[in-house]
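I've put the structures underneath this note.
Heads up, the next two complexes both have subunit A, just with different partners, subunit B and then subunit C.
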Partner chain A sequence: MSRAALLLLADGRFPAGGHAHSGGVEAAVAHGAVHDTESLEAFCLGRLHTTGLTMAGLAAAAAAGHDPLLLDDAADARTPVPALRAVARRLGRQMMRAARATFPSEDLELLAAERPRGAHQPLVLGLAARAAGLTALDAAYATAYENVSGPATAAVRLLSLDPLDASGLLARLSPDMDAVATAAARAADRVTTEGVDALPSASSPLLDIIGEQHAAWTVRLFAS
Partner chain B sequence: MSHAAQIVDDRAASTGSLSGAEEPAGHPHGVRATARIRATYNGRATTLPQLRSDGPFHLRRMRTDGNSAKVGIIGAMSAPLGGDRLTIDVTVEDRALLEVTTAAATLALRGPTAAPATYDVRLTAGEHAGLRWLPRPLISAADSNLRQTCHVELASTARLLLREEQILGRANEDPGHLVSRLLVHRAGRPLLDQQTAYGNPEPGWDGPARLHGHRAVGQLLLVDPKMGTRHDPVLLRTGSRDGCAVLTPLADGRALLATAVAPTSSVLRELLDEALAHALRG
Partner chain C sequence: MHLDPPATMPQRHTHSAGPLRADGSRRALRVGLGGPVGSGKTASVAALCRTLRDRWSIAVVTNDIYTREDAEYLLREAVLPPERITAVETGACPHTAIRDDISANLEAVEHLEETLHPLDLVLIESGGDNLTATFSKGLVDVQIFVIDVSSGDDIPRKGGPGITTADLLVVNKTDLAPHVGADLAAMAVDAERQRGDLPVVFTSLTSDDGIREVADWVTAHLSEWRVKAAV
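Up next is the complex of A and B:
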């Protein structure tokens, strides 16, 4: 395995389109729920342990070699609102383009052919990690990190926060990212014996609601 | 292991397996009870060949007009308390129509031990069967600790109306620890899988990405194979402080889910009733 490949996959500059999404922060800012570094940290913590854990589980399972089409169904069942399903597939399509160029593999080609409009993004990331020789835990880490770094970066732009404060909060969330990535990889281990129901389905009803509300806005800075 | 790691792992172990293969031992003083309801169709109407009350669940046949059956669950004792292991198993066989309600809210209390109680609901509906599962809210009282699962298996032509309401704390108290998973399969495939976890020690449970001060959360799921597949999302109230909801189609189609958060149980019910009216209007 190449540890450098993990850095590449988790890098915000990896051309997979993530920078255009705020992970719900734009809607939370509009509601006044996120307004400073402290409330941003609380937002990121809550997101990491819900959506973050669920996505990390899917990424880990894909990296472990489980059937990506079954995982794609499992991802749909874990994403009850259409706005967030559309975002996950759009990001998956963009990740697929980048992944095929960087870590080409037969698995990626097969999934691209089966889901031409995009598979859920964590699965594509998981398959790219697998092609790069990374582990399920690595894929879970990349997803967990992206789950909080995306909203933190977006909030810096939306609220004109000090980027140093945003980096500080990401550093404070490191133990939680460790916990989430580890739990996700353990759950992916159980898929062989228990099926996809073994994967986490941690969810936040509020994130689903504001995700759907945000999609109905006519003017917005971020796509989600 | 770090504190956060412990929580995440405990949560996965507590509701991760719905197969029953790895059930925790429970508390020696806890109540163990399994109530069972079986509804069948005899060619004219729905009958109830099995109605087995147990522990805190007293089952009562209720009068209906038409050919469906209705069962009320009446609390025969305070439950769930810490350490209890409770199960309700409902099977609606092919073409039978059943509605199940509860007479009062379910109140999770601490009990003699801080150990978690488990409350598992298993719902199965056969071909052309119809099930309405409409219990009153579940209230997570201070210092209670409950792991709840609702596992639904639907045949491809089964219809379902399911409502879940969770109230976090009685008036002006902190909630206990409530972890709840709703897993629905249709024709063996996952249709909906959601786990929520509120109360200490869940990280960020009351923060802006999760409850944001709300104390009532609920869902309403409508599955109907005869429903049109084209549904636009409906937004119900768009402020966030006074409660809000969305009604959206699931990926599998022919299924609608309303998701609501609200400051109080009464606002939550208003939102879910409004969502149901939209859903039935189609």
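Up next is the complex of A and C:
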């Protein structure tokens, strides 16, 4: 395997559409829940341990070679609101385009053919990691990191926060990312014996609610 | 590491630089329109649609700073039916969406191609940005950069990738030149110095058929594109 491939996959500049999404931060800023570095950190921490853990589990399971179609259903079951399902599939399509060009593999081709309108993004990322020869844990790390780095970057743009504060915040969350990625990979290990129910299913109802509301805004900077 | 051999991996879905769609049919010519805020990009798109829509099947993708503002202008002006206009959100970074990460724009273009097939021309309008904003060649076939005389007649002299490399430079709002003291001749000289043989067109969209030269330029590229795709 090439560990460098993980850096490529986790890089915010990887052209897979993520830059246009705030991970719920735009809506949270509008509600006043996120207004400075401290509240952003609380937001990211909450997101990481709920949605982030769930997505990292799906990514790890896909990277471990479990059936992506079963995982796609499992992702739907773990994404209760229609707006965020649509976002996950749209980002999955965009990730698929980038992944097929960057880490071509038969697994990606098969999933693209089965889900032409897009599979949930974490599984596509997991398959891309697999194609690059990375491990389930690597895929979980990439997803966990993306889960907080995306909102942090968006908040810098929305609130004109000091970008150095945002990077400091991400560094402080490193132990939590370690814990989430490790838990996600361990859960993915258990899928063979226990099925997809072994995967984390943590959710954040407030993220779901504001995500659905945000989709109905007529004026917004971010797609989600 | 178990990368599959590249020979087994057709690249046809990963980018769309070729003139043909996956099913072998000709895809539409993709024309990007970029330029600073307020230079008249949306008005140019509207004028191009009005001039070319009877002859060609057209669709538009807008990249608004704030979602749908430009798309709604085009809808209000009724230059095309609503299903032919799509807005892409850019996460406060309009240049990223047309250059560094074009995936959302490509998706929008491909969706229009699928639903409106056969399509001759897709106009992709960037969000109002700065002088460095250019389109990726993975997204557009040719690009137009629109500036205007009222933002300062020194803009062509300042250069930047948009001014120097766009396939066509449009200097808009020439009707305002006397009111803002803009020297059109100096702008033309500066533009030529920056661009060499690349074409420059001066427009005033308030006059009848003010978009004509730009429309002719697009039509010429479209004709060339169709010949290439037919080979």
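Everything below uses one rule, namely that the second predicted complex is superposed on the first by the 224 of 224 C-alpha atoms of A that agree within 3 Å, B and C clash if a C-alpha of one lies under 4 Å from a C-alpha of the other, contacts with A are read in each partner's own complex, and residues count from 1 in each chain.
The rule is short, and it goes like this: a contact is a pair of C-beta atoms (placed from the backbone, for glycine too) under 8 Å apart; a residue touches a chain by one contact, two chains touch by 3 or more.
A quick note: this is a predicted structure, and the numbers were derived from the prediction, not measured.
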First, second, both or neither for A:E114, with subunit B first and subunit C second: neither
First (subunit B), second (subunit C), both or neither touched by A:A98: second
Which superposed partner A:A154 touches (first subunit B, second subunit C, both, neither): second
First (subunit B), second (subunit C), both or neither touched by A:S2: second
Which superposed partner A:F222 touches (first subunit B, second subunit C, both, neither): second
Shared contact residues on subunit A - subunit B and subunit C: none
Contacting residues of subunit C [partner subunit A, same complex]: 1-4, 6, 8-9, 11, 13-15, 65-69, 88-93, 96-97, 100-104, 106-107
Subunit A residues within the subunit B interface of the complex: 24, 28, 31, 33-34, 39, 42-50, 53, 73-74, 76-83, 85, 175-176, 178-180, 182-183, 186-187, 190, 194, 196-198, 200-210, 212-213, 215-216
Subunit A-touching residues of subunit B, taken from the complex the two chains share: 2-5, 7-9, 11-12, 16-19, 181, 183-184, 189-197, 202-205, 207-212, 214, 217, 219, 233, 235, 238-241, 244-246, 248-252, 257, 259-261
Subunit C-facing residues of subunit A, complex: 1-2, 13, 15-22, 90, 93-94, 97-98, 100-101, 103-106, 109, 112, 131-133, 154, 157-158, 217-223
